[in-house]
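Multiple structures follow.
Shared between the two complexes below is chain A, which has chain B as its partner in the first and chain C in the second.
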Partner chain A sequence: MGVKISREKWGYIFVIPGVLWYGLFMLYPMYYAIILSAHRWMGVETNPLFVGLDNFKEIFTDSLFYKSTVNTFYFTFISVSLTTFTALFIAILLTKVIKLRAIYRTFYFLPSVAGVVAVGIIWTWCYQPTFGLFNRILQVLHLPPSRWIMDPRLALFCVAITQAWMRLGFNVIVFLAGLLTIPEQFYDAAKVDGASGFHQLIHITLPLARPIITFLLIYNTIYGLTVFGEVYMLTEGGPGSATYTVAYLMYETAFRYSRMGKGSAMALFLFVIILVITVIQMKFFERRTQIEY
Partner chain B sequence: MKLSQIISGVIKVLLYFILTVGAITVLIPFLWMLATAFKPYTEMFKLPISFLPKSPTFQNFVELAHTFPLPRLFFNSFFIAGVACVSSVFFATMVGYGLAKFRSRGLNIIFLILLSSIMVPDFTRVIPLYLTMVRLKGDNTYWGVIIVNYLSIFGIFLMRQYAMAIPEELLDAARIDGASEPRILMEVAFPLLRPACVTLLVIKFMWVWNDFLWPLVMLREPKMMTLPIALSGLKGLQVIRYGPLMAGAVAIVVPVAVLFLFLQKYIVRGIALTGFK
Partner chain C sequence: MKGKILIKSLMVIIILALSCSYVFTSVSLAREKTPIEIYNPNFKFPTEPITLTFWEIYGSRPGWLEWARKVASEYSQIHPNVKVKVREIPLKEYPIIFQSAMQTNTMADVFCMFRYRIHEWGLALPAPDWAVKIFKTQYIDAANSWQRYPESGSRKEYQGKYLGWISSELDAGQMLYYNKDMFKEAGLDPNKPPKTSPELLEYMKKLTKYGPGGNIVRGGWAIRYLGHKGGIEEKWTAFLFWWHDCRKGRIFTEDWKHIQAWDSPDFVAAVKFYQDMVWKWKVASIEMPVPTEAFKLGLAAMTNRESFLEGILKRDAPWIHYGIAPIVYGAPPYGQYKEGVWTANQLSCVWKGTKYPQIAWDFNMFLNNDKHDLEISKIAGGIPRRKANQDTPYAKSIKWLDVFKEAYRRPLVRAEEYDPYGLFGNLEDVLGDAVVTCLLDPNADPKTELKKARAKAEEILRSAIEAQKK
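So, the complex of A and B:
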């Protein structure tokens, strides 16, 4: 006769793979990253050397790291606002459409399935200064050509546009799903009171959509702050240092120059930034989200 | 006709107009990719711009196949994504079901802890994980890439959401019949969770297929690389040949796009339910 396992214990047995995953691929790497950041380590063949806070001192006095941090914030601001508000706008329009909604949704979502490598390849060709799509369109419209990702002042903005393009569809789907759960009675009641479409938007749709807006803002911000693939594919940090971001610099430091400790210090720095910004965003929106239904 | 009717008609037309212009704008880079991929070299730089190749050709794809071991790359991508999907569905169902149906303080705490990992982006973990894999001789191998993907928080969260909807009476009925808990999971819960499994399978497949940072640092040899990782190196070549490059982009996009077009209702539902990808 086997040992009878109680029902509650089975619950714990079932979640073992999850706990294991968390320990091995979340806790352990985080712990290891902290240890690494206190060491100088030039690649796997050599021995790590304890250096205390030297890696942090080094990155905080590095002008390229400073530039990358500023770039990362600028990039995130552009990418997140473009993605979130365009998606909200489109989703609101889509709630008014019934017949073609599914088709529109498919079209808007398509870029999100492409993946950063394909997107990077496609957009490099679109931005190409002599034969690329965008300059040819400008030519047709008799407008002066631009150097797009080759122009130091424009490059980071272009990368942000590309990311926004890629992320738009996902945001539209989340917004749309949320907006469609707002009970029809609210709008009916508003119509009886004679509220215009604009008033309904301001007083019903937006306040009730606030939790989704908060969620997507936070999620998109994390996505923006960790931008890597788009930079790697489109500009490799250039021209000059115009599009270096913290995540890209971290990749270069660790995997091109084998500075594992310095790379880890950068990774931790960005992690703390993300944590702080997320908490601020949550607090900011929580305070103003007292309207519940 | 009343004025208000005219106004609402105008608004409707405007609505469709904006949505259509938006959709076309979003799709233009894709159309440009397709057009370039099927144009012969001579047509590529012609003016005025045309989205329809005059003499469509597979030349770019042939050239791509000469530069890269395409069958091998496709195999790598399908194998890595396939194994990660199956393992992920299996374990996520187990964990998600456990969290949803065996409510206790301890399990709730475990759920919250698991959920907190959404805040930890991939790149904070990539250096330590890479170094660990090198030590375990897992770099440049399939299993090294797959193992970190054997489960995902998204999967657990998704399966938990679906599992909560399973009626408690069904499970209790099976318990009264004397079925063990693992049997109830396999024979009662699992069949009910099948749509959720499809959702997870598709989303996970797209995710791993397109994954960039992790396979980029792990896979060094071309014959081990996934399709996107191999093609990401094409850019670095001295002379950029846009024809084959676009053919490469088509090769990456088509499998996931087809999957998406056929199974999009599952994807949309999954994203709507969990709010993340």
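So, the complex of A and C:
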């Protein structure tokens, strides 16, 4: 006499491992970070000291935190713009390519497969002012050399380019997948009506690609706001504090200075920022993404 | 007949030789036995299977990891029931790994770590009496003075206690490295490196080479301006101590309640000198790679680093003909002090929460018995810590032995990294931030930047003191 389990219950049973995994490694750390943000804890004592809102007061009066926040927004703006719109442009071009599309797709996707550490090492060499690739190219073209990531004014922009390069392939693939689902008849009808390529782009492609643009904008924004690996590998926040981002400062505060509570307060701040921006983006695009073919 | 007698005699000789070699081997093995059996007869070495873990953070240095594994295997030969697992901890990631391990009770029994971290996190189990006896009698004074925490203001359990042996290298701290070929080319005597601050500046000017656009193609000095700000500040400190009395410390005041007057004339002069090296005298470039790389690649004529640079140069750039000298001391018009030396700052310790304190300490001392001390000194390029190894050909062959002796004639820097609040790394970075800001910006005013840094550091310190009161 076996116990009969309904189909619905089986569903719940199969979901349990995922929920446990998510709860243990996502929700619990989030909950613990909220608790820690009200404590002073070096990561080694058994009893963290309750300090209320002191960690928040401290971060909001910290000039480096302010600078890191500004840097994070600047970085996100550059990285998201570069990634999203370059990827859209390439994807549109790729829709016109029929024969070697798979090869091009692989070609663009390759940087996304490489790890951030490998990418960081390669780009550090490319940017090196004395013997790096980019200055060698400028030298061949008889152009003045640049200090790239060694220049406080350029460094963050250089890091953003590196991230955009890494993320481009994934964005191209997603855009391409979306663009290829747009029915060909729309373009045929537009051509019959005498619409130019530019008009087809403005009136057909972009409106119908809006859901994918929304998705990628949100996705890339989150990725940009939480940037850490690229900064860690390329500049370690330098030169000076030129490339400090909130995530990098959070890491330094928690793990270099052993201020887990203050680091958690920063994490919470970043979480709220991401939440607000994501909600705004979703609301903004919500009305515009209802598409019916 | 004679042949048989000869064979028998030969056999007797062989048997005797074998017996003798067995006896000698046994005796030498007995001598190799670990100190705990010699000094702590009350401890009965257990017979059940035991696994110890040993973490080291210098795996990237050539030969270190292999050496650690070899010693672990030797230990298991002496104590077959004890297995020692050696793990390399990447230097960049060690804080996360150590903090996680402490929380999850998976810390290594024996480990190498920076002294200030040992203090900050309360990691170490102080040495038992038998080990203290060894430290006091078998180690040279220079090593001895760094194996305990004589000036610890907070951790009473560490005050005056021995926590481990110097695990990386015993060296002369920051030393002057200079390229002899470049000296010759610039018309300087390669056997007479600069000794004073005015001499250093004069040498830098002569050694710097410029490209057609006025950019530096070879620096007179390889300056540290990248990476952790604490590291930048540390290299700059060699210049600070021309003006500032190193015995007063550079971070905290003597009562540990305030920050040093970072905006005082001595600190300002040191930052100004550093800034002028880049922007006024143009003898150091902020486009070069980090000093180690720049010196190795022949992009700079001089720099200051610890003894390990010698090992790197031997491995990666054997064609560079370099000399090593004591770090330059101050002389008017650039400073006045001759002091400013501090040395190795990592210890090999036992985790305070280890399940096997006796065995862990036994293994820790085994790692640095006479034989292993000499081995690791050769690998790390440092001076042996034990008295027994001071007259070895290796110790006498150390290129910078005189630099070491000179360094120890100078007063040591106040060991202020043992601060009671665990803020050393944080505050060092704040000071480093002011230094690097002035290095990168010719218009940055050192006094203003140092004043801002001091105010920020005071705020961090005040908050920590308040938290400690709670």
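The rule we apply is simple: the second predicted complex is superposed on the first by the 287 of 293 C-alpha atoms of A that agree within 3 Å, B and C clash if a C-alpha of one lies under 4 Å from a C-alpha of the other, contacts with A are read in each partner's own complex, and residues count from 1 in each chain.
The criterion applied here is as follows: a residue touches a chain if its C-beta (ideal position, glycine included) is under 8 Å from a C-beta of that chain, and two chains touch if they have at least 3 such contacts.
Small disclaimer: the values here were computed from a predicted structure and weren't measured.
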Return fit or clash for chain B versus chain C, each positioned on chain A through the superposition.
clash
Touch test for A:Phe255: chain B only (first), chain C only (second), both, or neither?
both
Thinking of the overlay built on chain A, is A:Ile90 touched by chain B (first), by chain C (second), by both, or by neither?
first
Looking at A:Phe284, would you say it contacts chain B, chain C, both, or neither? Reply first, second, both or neither.
neither
If we overlay the two complexes on their shared chain A, which of chain B and chain C does A:Gly229 touch? Say first, second, both or neither.
first
Please indicate which partner A:Leu49 is in contact with in the superposed arrangement: first for chain B, second for chain C, both, or neither.
second
Going by the contact rule set out at the top, does A:Gly238 touch chain B (first), chain C (second), both, or neither?
second
Looking only at contacts as defined up top, I'd like to know whether chain B or chain C touches more of chain A.
B
Answer with first, second, both or neither: which of chain B and chain C does A:Gln128 touch in the superposed model?
both
Please indicate which partner A:Tyr104 is in contact with in the superposed arrangement: first for chain B, second for chain C, both, or neither.
first
With chain C in view, single out which of the stretches 56-64, 110-118, 128-136 or 200-208 of chain B clashes with it after superposition.
128-136
Both chain B and chain C touch chain A at residues 44, 128, 131, 255
Which chain A residues qualify as touching chain B in the complex?
5, 7-8, 10-15, 17-19, 21-22, 25-26, 28-30, 32-33, 36, 44, 90, 93-94, 96-97, 100, 104-118, 120-126, 128, 131, 133, 136-137, 139-140, 165, 168-170, 173-174, 176-178, 212, 215-216, 219, 222, 225-226, 228-229, 232-233, 247, 250-251, 254-255, 260, 263-264, 267-268, 270-271, 274-275, 278
Per the contact definition, I'd like the list of chain C residues that touch chain A in the complex.
95-96, 99, 102-103, 120-122, 213, 215, 225-229, 286-289, 297, 299, 422-423, 425-426, 429, 433, 436-437, 440-441, 452, 456, 459, 463, 467, 470
What residues on chain A touch chain C, complex-wise?
40, 42-44, 49, 51, 54, 58, 61-64, 128-131, 144-145, 147, 150, 152, 236, 238-241, 255-259
Enumerate the contact residues on chain B facing chain A in the complex.
15-16, 18-19, 22-23, 26-30, 32-33, 36, 44-45, 47-49, 91, 94-95, 97-99, 101-102, 104, 106-107, 110, 113-114, 117, 119-132, 134-135, 148, 150-151, 156, 181-182, 185, 206, 209-210, 212-213, 217, 228-229, 231-232, 234-235, 240, 242, 245-246, 248-249, 252-253, 256-257, 259-261, 264, 268, 271-273, 275-277
